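One structure, pasted below without further comment.
Just so it is clear, A, B, C, D, E and F label the chains in written order, and each chain counts residues from 1 on its own.
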Amino acid sequence: MMQKTKKIVTFGEVMMRLSPPGHAKFSQVTSLDIDYGGGEANVAIALAYMGMKACHVTRLPDNLIGRSATQYLRHHWIDTDYILYGDSRMGLYFLEKGAVHRSSEVVYEREDSAFSKIHPEMIKWEEVLQGADWFHWTGITPAVSIGAAKSCLKAIQVANDLGIMVSGDIHSRKSLWKYGLSKQEIIPELVAGSNIVIASTYDMYDIFNIGQPDADFATSAKALQKKFPLVQKIIDKDREVISASHNRIKGKMWNGKEFLTTPFYDVTHIVDRVGTGDAYAAGLIFGLANQKDDKEALNFAAATCALKHTVEGDANMVSQEDVEVLVRGSGLGEIKR
Amino acid sequence: MMQKTKKIVTFGEVMMRLSPPGHAKFSQVTSLDIDYGGGEANVAIALAYMGMKACHVTRLPDNLIGRSATQYLRHHWIDTDYILYGDSRMGLYFLEKGAVHRSSEVVYEREDSAFSKIHPEMIKWEEVLQGADWFHWTGITPAVSIGAAKSCLKAIQVANDLGIMVSGDIHSRKSLWKYGLSKQEIIPELVAGSNIVIASTYDMYDIFNIGQPDADFATSAKALQKKFPLVQKIIDKDREVISASHNRIKGKMWNGKEFLTTPFYDVTHIVDRVGTGDAYAAGLIFGLANQKDDKEALNFAAATCALKHTVEGDANMVSQEDVEVLVRGSGLGEIKR
Amino acid sequence: MMQKTKKIVTFGEVMMRLSPPGHAKFSQVTSLDIDYGGGEANVAIALAYMGMKACHVTRLPDNLIGRSATQYLRHHWIDTDYILYGDSRMGLYFLEKGAVHRSSEVVYEREDSAFSKIHPEMIKWEEVLQGADWFHWTGITPAVSIGAAKSCLKAIQVANDLGIMVSGDIHSRKSLWKYGLSKQEIIPELVAGSNIVIASTYDMYDIFNIGQPDADFATSAKALQKKFPLVQKIIDKDREVISASHNRIKGKMWNGKEFLTTPFYDVTHIVDRVGTGDAYAAGLIFGLANQKDDKEALNFAAATCALKHTVEGDANMVSQEDVEVLVRGSGLGEIKR
Amino acid sequence: MMQKTKKIVTFGEVMMRLSPPGHAKFSQVTSLDIDYGGGEANVAIALAYMGMKACHVTRLPDNLIGRSATQYLRHHWIDTDYILYGDSRMGLYFLEKGAVHRSSEVVYEREDSAFSKIHPEMIKWEEVLQGADWFHWTGITPAVSIGAAKSCLKAIQVANDLGIMVSGDIHSRKSLWKYGLSKQEIIPELVAGSNIVIASTYDMYDIFNIGQPDADFATSAKALQKKFPLVQKIIDKDREVISASHNRIKGKMWNGKEFLTTPFYDVTHIVDRVGTGDAYAAGLIFGLANQKDDKEALNFAAATCALKHTVEGDANMVSQEDVEVLVRGSGLGEIKR
Amino acid sequence: MMQKTKKIVTFGEVMMRLSPPGHAKFSQVTSLDIDYGGGEANVAIALAYMGMKACHVTRLPDNLIGRSATQYLRHHWIDTDYILYGDSRMGLYFLEKGAVHRSSEVVYEREDSAFSKIHPEMIKWEEVLQGADWFHWTGITPAVSIGAAKSCLKAIQVANDLGIMVSGDIHSRKSLWKYGLSKQEIIPELVAGSNIVIASTYDMYDIFNIGQPDADFATSAKALQKKFPLVQKIIDKDREVISASHNRIKGKMWNGKEFLTTPFYDVTHIVDRVGTGDAYAAGLIFGLANQKDDKEALNFAAATCALKHTVEGDANMVSQEDVEVLVRGSGLGEIKR
Amino acid sequence: MMQKTKKIVTFGEVMMRLSPPGHAKFSQVTSLDIDYGGGEANVAIALAYMGMKACHVTRLPDNLIGRSATQYLRHHWIDTDYILYGDSRMGLYFLEKGAVHRSSEVVYEREDSAFSKIHPEMIKWEEVLQGADWFHWTGITPAVSIGAAKSCLKAIQVANDLGIMVSGDIHSRKSLWKYGLSKQEIIPELVAGSNIVIASTYDMYDIFNIGQPDADFATSAKALQKKFPLVQKIIDKDREVISASHNRIKGKMWNGKEFLTTPFYDVTHIVDRVGTGDAYAAGLIFGLANQKDDKEALNFAAATCALKHTVEGDANMVSQEDVEVLVRGSGLGEIKR
């Protein structure tokens, strides 16, 4: 259907995720399920399953745990040729999955990870980005360390130079940003080099001092675009949380001309809530990179996000066709034989 | 409650079913759950759990896998004395269970199975059917091979001679019928010897050239009955697919005199969708074989079908009483102590 | 927040619970999940997770299974210093978890358990209850054996002497009471020493001959209170059973002055239905023991009960704060990071 | 190879066996593996896997656990048509598997089981034993209850009348015999009707007052045979216990004419030690029932016993050919493709 | 240590392997462990873990099972860029792991696999082999189908043209060779283009009519080398099978000048016996490709083979250093911290 | 048997241990088994299982992972009342279990753990040690951080003041000692306050500059005792490593008067190698604390160590009687019923 397989490069930390099976609590189990994930790698994996080429750049400990992380990415179709190895530890997080009125709970152990020790000189972005069509970053990466922030900025600059599309998902996480600089100091420079930005009204208020926390999304988005001329589209989603087992998802976009929304996607039996925002970003990138119009791309993003809720682990693992079926609303839920 | 325990004989392929635990995808797991099933054996098992005697006839590879299949059937109360063993392989299928908007997916590996090599002379139907009250076949069996089709026809003829009730579930599966003959050539002969037929409006149009794909069920059923005088009742069900996790089931029957339906059974948290049609057939056979009137039998069928959605594996494993409770709508969902 | 950590003592049998994983049936599995539970120990564990000190008194077989039961209680924060060991066996029960229209099923094997051989002289209640703020019993204990009944009565008397609050959950279970005396003969004496009583309208009719099976709760409760002057509050809950996967819970209380109720808590995806009544009792005790007013305490009880439906095993394992969040209705279902 | 498939009938309790996976201890696990077994059923299963027909008679609780036990026997090829169901509970035992210097440990919970409530009038032995070639009992059955002892005696008498071979495995277990009569009072009557007896020198001393605890086996056996003229052969085995992981097995027999022994079978990596004596009995019966000479049969018995140490669960599950290969000492340990 | 990372290309079928956990039998389990393997892919994976680049060429079904196989190879470091997808099914095999006197047992279901449908025109060997240092084949591939045989021959010819080392492992498997041609007709042509050949004395007698089945290895090897001038070294190993749990391994080589052997490697506690011959081939190739002398390379091969016995699955997964440690005999069995 | 149950207090880090099931490698699994352990807590648990009172002091993160660690200790009978909670992370380690020639491998992630942030003022040792009979430390604790080292020294001093026996296991681990001070600077001060010291000849050379790395143990021990007058006995063990699956253990002691040794304990099928040194220390403490003479105590230590090799996890979980049986060499490896 498409002329040429598009290639994305993503950059960010990969953590080992350890979670009790099913809905069990940590206090009940004697084994933990392992996955690996991170906001950016999740986007890469999701896009790889939809048929794009995807290369993830990160830094891992040079031991059997770090290599297992790489093996996980390879398993899920990622090009891992540019992964760096070195001293320090594996970032990891513990996840206890909730249900109905019981929230899921996450405990991070990611400080001083091998990724946090990264420095801009470690990566030859000109080489890494050669042949790529898209570069994606999230606001988690610059929050980890000054080295990570600078490496991310460097990647964006090289992508800009090479004419590669850049998308950024603001994704601000309070518990990070401990190394001295604030998101207000770092994020704007990254957004300045980005073409597609995923940000909430609150993010725009909080980081860029645009509008109010509860302002109208389109209004804030217009102001953001004014401030950062490279930015073509600003995207967010509404999540209606009925319970930990039932969410509703709706996409929204300011594309510089009009404010677009999708219908709500009703996820009535959530299997895994983590990484659904990353799936949203992946769906959006897939749509935009593959010549869908904005409305189609937004719908594709929301449908991808909805599907991720039914996949265990951090990353979405559904095909382009699975998403198209949902977007079309046909054949849904029947057994495919 | 009943005077005499009724005995059913079923005939068809038994496949090994391999599926990732829970809702996991094949790309995520290192082990697979094993079940064994097949449209006809599923009916036999369901009836055995409801208290009938059930004998299943099939052909399996003469090795430890074939014997494991027999052991599975024995475990689930089936009389396996007439199972044949011989060359060739185990038919198998892979099942990935979906959720909400994500469809389940099935991959078959059943070509050239030991069952497909079956020939009519291999089975002494007169002996096998001695003492039976009911014989059941489905449209999958004749689709497997000419030998299977002829064996099935032979069984029906012997059953007719012995005055044994015959039911057939059309159950047409596109991916089969690869051996040269078409369902239009074979199925009518099988239906001609059947007393109870489960068929959709589309099946009747497609196979017997009756009515239109979207015709009124009762009208088509009347026409079918006209064509096949032995046929006493034609049955189908409506399945409303809200999602892969939520279906609604409603039975319908033309019994030669009136068109009957049941209320919808709302299955809000599906555990396993596979084999629910076979459970429907089993419920119907149980009702009709045990002197329920048509309305009761149809209701029993729909309730049995609904319950199967909550049982893992191919076959239903609930008692007659479990179904009766659902039909009565009392005590439902309470803990039985 | 609270001045002093309150301490509860509970008394009753602890059984090993054996259940197939997930929704599987006994006829399908080759391993069983182990938990340990009992109406009173469940209350103790739930309160321990909410921050209270909890000591459970029971009698277990003096072998590796009995010790494993104690280890389970210790694991879940219980003070096990007063557990007795001796001859006879472990009580156990088998649980098959249903879904939607399929009920859960329980098989008990608890006769002649080590607990049933208990005698009042075995326990020095004056020592056990020293420093406690609350004693809780249920109607299951006196149903097990005359020794258990007398031990329970002794505990209540000592608690009364020491000025310790006493709560009792009538919880009548038909399959017990096999040792010669009836609940009508025993329960009233226990209630006479209790300050807080959980009882249904039917219980009040059946055991105390108050009102009718379907009488108005508040009216019966008033009559009960009249009969037993120590009783300050009578509590019950309404459970609307939509299916085995979906229940709705609502608390109700007669506190001597007014009839209080809570809104319905809608548990749409039940993980484990067992022990939810014990969680209700625990929530109630927590609220009342920690200076909540009656309405708050009742709401806290209903919310605790609702949360238990999402926790596997017999006992609730959520924190006070988890319940408060649900009571407040804020942040619910979001991931806690 | 053999003219006619021989049929055995066995009689005895079937218990649920619950054991931690692998070498784990009870204090470490959250799930238990399920098997079902009992000295006599183990013999039946072992013989069924070697190609004989095998029918087991027992009494089980009339609930889902009792039926699961029957399903287990059916799974492993047993004819379960004469199993009785009724009140009371499932006998069960807990097994913790040791290794090297750590012994395995067993805890029984079998008192008042459904089997212990059996009475001779419940079983029509004339019907059950019709067509059988062999009846096997062990010393565990009469140790359970007076009803079990009398039922066993009745079976032996009917077998004698029908000219069916009878074998008995003395298998004395101290922890039983609690119902008033002693083994010295009961066992001799059972042995009097038996043709093949498995007994140790100590058993012969202890039960029949023959010889000394450490007497020569052949001498004691001769004396036993003198006392019980129906007894044709007395068999025992030597087990050299190097550790819980390494045993050596050697068969010995007094056949009325000569004292036979086998070489030692060296089991260097034990997988499951339980039921190895039952496998020995099964191998012996198979050999004698199928026209092997005494030396061959004894060798077959010892090899069957050795192989059982490599099979998890209570019962041996290897084919006649697997044993023959070991007896011949060819191809052993190679992969069979 | 080495100047340049060497690259190997392997060619052959990849099968899904399904085996009961641990030492369980098929008749005992409800789930199966999944691995993927094949003689040639096993060599590639083993070499990848030792640090070489490894590319495997095969043909897989174009469905989720075929893709899972590719994902498995990617996980284990294999370059899968040249894998073909198309019609037909996944080859698979069932493995039951034995212990001590109980042999492991394998059941193949590989007929008509997607790989068997391969044709020489499907693969551009010039492109695939570009930049490779080594090509490896086994006698299983030509045994599968004429297309597979011709594709293998083509690969060898192209490798010869490009000056790439070629190794072949005769590995003759009786159950294959069903498509019309015999190994005597095909294998010689493949050996003619090979530089390194793994063959037993029996293989040389059977396929090339050299010597006798029990001839002296070196004598036969000399004769083989005479016949096929490209062949530089002929290698085999001695396996002393003490039991299924204990084997002893010793390498032997005729290198054109001298007959070399290694000491025995004593594998006293076998974890997984499958694929140990492939590990031997991998160790040999690693040694020879990385400038070890023949004696060192042979020792490295035998040590690699020994280590594979301790790794679950088809393929070896140990590092070069792990092997070196064993070859040196230092630090062995200590915990590496 | 003993007059009064003795109480031990231990102090040190508790880590979460994550390991693939069985002998699998990290690159093969999707779940990890959880245990918790640490040299000192292992000693406490082992002693608790042998019947002593055991209190462990440590510092854990104040989150659900830290609390799970405490729950693990409580489960295994430890008094956890003096555990501290606070900022920072859980120390953890990854363990891949080897077999035969394949070594086990450990990766630590313990830097900056909550324990490493401990300070002497955080613990009131006078209160903690009240009523204790024994205090045990290892050389790992002072290696973690200056705060841990000082806290350990403080504990020893208080123990000395209270007349409590002190034992120390030198246990030097190279990968630690990163905070500035060296073991040569810290350990001597700790040993100066200890009565029982476990140290190798190499440790004595390396840390105290006594003798040579390969000196005679008794000679070095005498010199050590001379230097540290409080030291009464110096103990070590010989471990003969035949492979990762087979070790031999022998105890040795200089008790100030004579040099004692035990026979070798031959552990032929190792289940878990980790923590065996801690079990040795526990056995020694048990013996000495419970009035065994030195020879008996040493034998008890070596037997405890041998048994630990058969128990999964970090800590020994066998009873005093299990050890006595091994010491006596009777009944070993038989099933305990």
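By definition in this document, a contact is a pair of C-beta atoms (placed from the backbone, for glycine too) under 8 Å apart; a residue touches a chain by one contact, two chains touch by 3 or more.
What you see is a predicted model, and the numbers here were worked out from it, not measured in a lab.
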Neighbouring chains shared between subunit B and subunit F, ordered by label: A, C, D, E
Chain separated most widely from subunit B, comparing mean CA positions: F
Farthest chain (mean CA position) relative to subunit D: A
Chain centre separation in whole Å, for subunit E relative to subunit C (CA means): 62
Where subunit C and subunit D are represented by their mean Cα positions, the distance between them in whole Å: 45
Centre distance in Å when subunit C and subunit F are each reduced to the mean of their C-alpha atoms: 41
Where subunit F touches two or more other chains at once, by residue number: 22, 25, 27-30, 71, 75-76, 105, 269
Interfacial residue positions of subunit C with respect to subunit A in the complex: 22, 75-76, 265, 267-269, 271, 303, 306-307, 309-313, 317-318, 322, 325-326, 331-337
In the complex, subunit B residues that touch subunit F: 28-30
Subunit E contact footprint on subunit B (complex, rising order): 18, 21, 25-27, 29-34, 63-65, 67-68, 71, 89-90, 92, 94, 96, 105, 107, 109, 111-112
Touching residues (chain side subunit B, partner subunit A) in the complex: 22-25, 27-28, 98-106, 108, 173, 175, 241-247, 269, 273-274
Sites on subunit F touched by subunit C in the complex: 71-72, 74-77
